[in-house]
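Each of the next two complexes has subunit A plus one other chain: subunit B in the first, subunit C in the second.
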Partner chain A sequence: MFSWRRLQENSLFLFPSVILTLVLGIYPLLWMLRFMFYDYPGYGDELFVGLDNFERLARDSEFWKSVQNTFVFAAGKLLITIPLSLLLAVLLNKSFRGRNLLRAVYFMPTIISTAVISVVFYIIFNSYNGMVNQLLMKYHLIDQPVPWLGPKYAMLTVILVAAWGAVGNYMLLFLAGLQSIPQDLYESASIDGANAVQRFRYITIPMLGPIMQIIIMLAIIASLKGYESIMVMTDGGPIGKTEVMYLYLYKLLFPVPTGPPVEQQLGYGSAVGFATAIIVGLITAIYYFMTKKMNKVF
Partner chain B sequence: MNVQSLSIEKSSARLARTVSRAVIWLFLLATALLTLFPVLMTLSGSLKSNSELMTGGGLLPKVWQFANYSQAWEQTNFARFTWNSLFLSISVTIGTLLVAAMAAYVVDRRQFPGKALYVGVQASTMFISVGAIVLRPQFDLMVKLHLNTSLWGVILILVSAHATTFFILIGFFKAIPRDLDEAAMIDGSGFIRTFYKIILPLLAPGLGISGLFAFRHAWNEYILPLVFTMTNPQLQTLTVGLANLRYGTSAAMQTHLMMAGACLSILPMLLVYMVANKSFMQVTAGSIKG
Partner chain C sequence: MLKKWFSLSLSVVLAVVLTACGSNNAESSKEPATASTSSEAPSASASASASAEKKVIKYWTDDRHDQEYIKELISQFNSSNPDNIEVELTVLSENFNQSVDIAFSSNQAPDVLRLKSANTELFYKKGYLTPLDDYLTGENEGMKTKFSTGIIDNVNRFGGKLYSLPNTGLTLRLVYNKDLFEKAGITSPPVSLQEMVDAAKKITEAGKKDGIYGFALNFKNPKSAFDRSVREILSLSGHQGLGFDLKTGKFDFAPYARVIEYFKQMYDDGSILPGAETLDIDPLRAQFAAGKIGMYLSFSTEPGVYKDQFPTDINWGGAIAPSIDGTQLGTSEIVSAGTWLGINEKSENKDAAWKFMAYMYGDDIQTTYHEKGFGIAIVPSIAAKAKNPDIKGMEGFLVGKSDSLWPVSPTITPEGLNYGDAFFKYMISGGDLQKITDDLNTRYNAALTAAVAKGDVNVTALPDFDPSKLQAK
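Up next is the complex of A and B:
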């Protein structure tokens, strides 16, 4: 049933979405796929160099250091976020007075700007006169100020801040998953004498499997991608201790206030951008195949 | 087993339950306190003097420094930042809703060649991430279109990322019975007229919820406005202006002004959240149920 009128109407309604996606979503990707084979400082000549950028990437120890930092950061964030959010979700999956209020409090960090709250954390964790040290000293938990953003603790601090912003989100996702488990399973298990831990181990975990697989995948991708908070708190420092790969990429393209002026390297930056996307894609794929078993409800 | 030992067993079971309940509550409250801590620190810090912030002190300010806000508002340019943030967020919200609702209408109600491709591309834009590299071609494009001297460049780029809103709205479209728009069409209402007379009003809950999301996203966005306003400080949003205060021109960091500025960014969202936190959670939870 073809008619010009229908075609016109369809085109009219899809036009804004299609044009924006093509020009601002697809075109930049194609641009990157082209320039990763070029030496291009952002102005003047575009010099085709074949795979030179990737050769350089393979030898770029600073980049691989940042990849390593990304894994440490992501692993640390996940190790705090996933168990804590699952535990909170399980505890909030019963009805009791104050439950909705607690849920709203835990979810609150997700509505606050990462950049803004990172500025606040930057002040709070200041080693010289930050509130965290002030409080810990006041109650004599530490004798002298802890350099939270110094070389030794900076990674721990940015992980804690990232976990602070993420727990509520995953708690809510787990809660949605928990609510899809039929209640009669728990009731019949209770009648058979299963205690809370057994019910969690033999009903919750297997029944939650498929949804948990997706939630953890989303969490992995998000923890590999996040660099806004690190950028605000440490700019990757001190001495590159918190430099993650997306921040390393950003610094190839744009200046940061604490750093030296950048000589833009758009060709090499394109190669790095491509490589980071491949790394994230690979990890996601490996995770997906390793956890295939979770997808089955036992 | 005699009666006495039975009652001891019963009361010890009751004790165990009370203890475990107390432990759970302690854990829940401690977590809530840790979650609230930085926000409470920001609220109280914004009303303290700089010297009190430096030397510590209690949760509540010794002397309430409401002047911090007027100082931040006037001297530190937060009036400008707030206006920019509002303009950006409102424009992005309206743009995103309009673009996504129109596309979702056609995709949900009609068959056309390339539909699967369109949906596939929208879905994949949510997952591919090559980081900051895309900002460069986007920026060059905006320079060519002369959209880099205002916030319109940033607005267009944020609206172009409307895939999430599109999929949320598709979900809401499924709940609007097709009979309604078919009946309207039989009565002589055209495709476009049906859209804004019948569909949009019925879509209001979905538009409200995804509008909250789009607004929050734009309001909290940092890196995009940062890059686009580097040579144009007049266009900075709250997030960018605040983060730049870390490298103040004066020797000492003006912590009290930074706290006041952070509050200007956090408080509006917090107030909206207090009224509409169920809506925020509904979408997040819905995204996983599929």
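Up next is the complex of A and C:
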């Protein structure tokens, strides 16, 4: 039932977050929405160009390649991360000695700086004296060093590194989900003669449905937006093979001059930012629509 | 109910007021210089205390290699200048340009800024810099003569006004491992690109079993790699090094493409260090210091790097880079020259800032700066009297008769791949080089035309430009 008092209280509690959202979220967003229609290098006059930035976006083959790379990167990362983190969560949900230690170890990558870890992986995977190649050559598994960060394997390498960094995080979320499943369901299934695989298939998976839907959605968004480790390891190279859309966007907005000056492209960058947000939003919405059934616990 | 609602509202109002007070305090503490100047001005007239007259100016730089020496100079200036000026030094890192942008947008910008070729034009366009012409009169008239050869349009002079003065520059050289050359039976550094390709092949053949390769560059950022290599080869061969044709005032990447063919040959020969596709400059230097790379091309910062950052026992040296066909039709371009310090247009202490700047540009300091090896002096009167820096390998990088400043190419933002990425793509995956070159010419010239139309860039063709007449010494 409607109550003025309740509305007032609610408004009061919402006030700080609404103000923060307005100032730090909506206000910059409105500027971005405006800049999309301008040519603006960060100084001087803003030149209104209408839909020019979007026409450029449509013919910008480098951007569309980066979108394609983003899908490959996200799909690869999800295919490794989700099953592996679920498996680890199920194993670490059992009680055995050292369980908490292992949970901490698997969660560790989540709390370590991505930049630091990526530099370490860059050293591990480099072609000329990287540890991976040295190890493989020592055991005569390869004759020549493999160019892990070369055009052929760079995407695979950055996917592996990204998956390594993400598994612990999703494992923890799955663990939280698993612990919310009542134990008596498993007990009665065991009495009825269900084996471990059957219990997993018919109890764990359906009961995890709603939380799994959210975890996968978060993982999809994170994979589509991820670029930090790629920036450190390959900077989108070689020859654009690991250029993902958020890295492409970052370079437009924050170019790092290595010699002669390079101008910011705030106008075109805003258009690209808008397009990337639409792409991520669309994919998330489609996923959410297609997985509505997961939200129902039987 | 009303009472409760009132007390809650009151709490919110109090919280907001307290926050507002807090932010005021924070702001005032961030600007002690401004606050103290305004509040102490009346008392200064009364007591004429020395501290009230003190002018604090801020100097921001992203140079780290010389910071101990700069600190020493600033401390000397602070204790000895008669005008009671105190300079505060802030050393920033790679995010210098962004930090400066933020500082200007929040009115907290430094009074004096370190200017480099990568930021001067943008800072000028953003209105950050004050012209120095008015300061170069009267007793400072002599400075005009001292720096006259280093005053260049679109480097330190924009729209007819001067915004910085030269100190040092960077020369570009072929950096090579003498032992590996000798081991491969090569007696001298290459003078043509074909010789460079052959030398890289021989060094690789002689050393591959030990992980030694003939050539490398920091191809993780292809533009950075080419801007320290192809640029030098082109300018020595008589072409502007960033693909701009000074005679026509348009971009023409045809000479660039000729150089890339030889780079591709080295890649196809397997003479380039494996993994160079994602090599940064520091890992490259580490491998060179470990004796795994025959040669690469880079700036005169390298001797300092091998002295402090990657100390090495290998026998290495710097030599004039090869030209396309072995004939030097031009000079090796001295880069990052022409600018050092500049003054903030919005500074309230411009005169004090200029006094500090004039102190830094004094003959003694510029001479010592060169002698300590922090940069290579390009001001003729300083270069003539300064002793050579005592740093191993520096002798190969000193300004000689093959080096000179060049007119600059315009700053434009083309659509699509930059020339570095486009040519590197060809280098490692092939394609139609003519088509790539034509595409680059089209896109770069379209961006140039748009920039000229917008008034961002002025281009004057120099039909009589003769690269052989550019001489430094």
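FYI, the second predicted complex is superposed on the first by the 267 of 298 C-alpha atoms of A that agree within 3 Å, B and C clash if a C-alpha of one lies under 4 Å from a C-alpha of the other, contacts with A are read in each partner's own complex, and residues count from 1 in each chain.
Keep in mind that, in the parts below, contacts are C-beta pairs under 8 Å (C-beta built on N, C-alpha and C of every residue); 3 or more make two chains touch, one makes a residue touch a chain.
What you see is a predicted model, and the numbers here were worked out from it, not measured in a lab.
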Partner chain(s) touched by A:N129 [first = subunit B, second = subunit C, both, neither]: both
Which of subunit B and subunit C A:F254 touches, first, second, both or neither: both
Which of subunit B and subunit C A:S61 touches, first, second, both or neither: second
Touching partner for A:Y186 - first (subunit B), second (subunit C), both, neither: neither
Touched partner set for A:E263, first subunit B, second subunit C, both or neither: second
First (subunit B), second (subunit C), both or neither touched by A:Y40: neither
First, second, both or neither for A:I215, with subunit B first and subunit C second: first
Broader residue contact with subunit A after superposition on the shared chain, subunit B or subunit C: B
Residues of subunit A at both interfaces, subunit B in one complex, subunit C in the other: 9, 12, 42, 122, 129, 254, 257-258
Touching residues (chain side subunit B, partner subunit A) in the complex: 24, 27-28, 31-32, 34-36, 38-39, 41-42, 45, 53-56, 98-100, 102-103, 105-107, 110, 112, 118, 121-122, 125, 127-138, 141, 156-157, 159-162, 166, 191-192, 195, 216, 219-220, 222-223, 227, 230, 238-240, 242-247, 253, 255, 258-259, 262, 265-266, 269-270, 272-273, 277, 280-281, 284-289
In the complex with subunit C, residue positions of subunit A that touch it: 5, 8-9, 12, 15, 39, 41-44, 47, 56, 60-62, 122, 126-130, 145, 147, 149-151, 154, 233-235, 237-240, 254, 256-263, 265
Contact set on subunit A toward subunit B in their complex: 6-7, 9-10, 12-14, 16-18, 20-21, 23-29, 31-32, 42, 84, 88, 91, 102-124, 129, 131, 134, 138, 164, 167-169, 172-173, 175-177, 180, 211, 214-215, 221, 225, 227-228, 231-232, 245-246, 249-250, 253-255, 257-258, 266, 269-270, 272-274, 276-277, 280
For the subunit C and subunit A complex, residues of the former touching the latter: 1, 5, 8-9, 12, 94, 97-98, 101, 117-122, 125-127, 211, 219-224, 227-228, 231, 242, 273-275, 277-278, 283, 287, 292, 335-336, 408-409, 411, 413, 415-417, 421, 424-425, 428-429, 454, 456
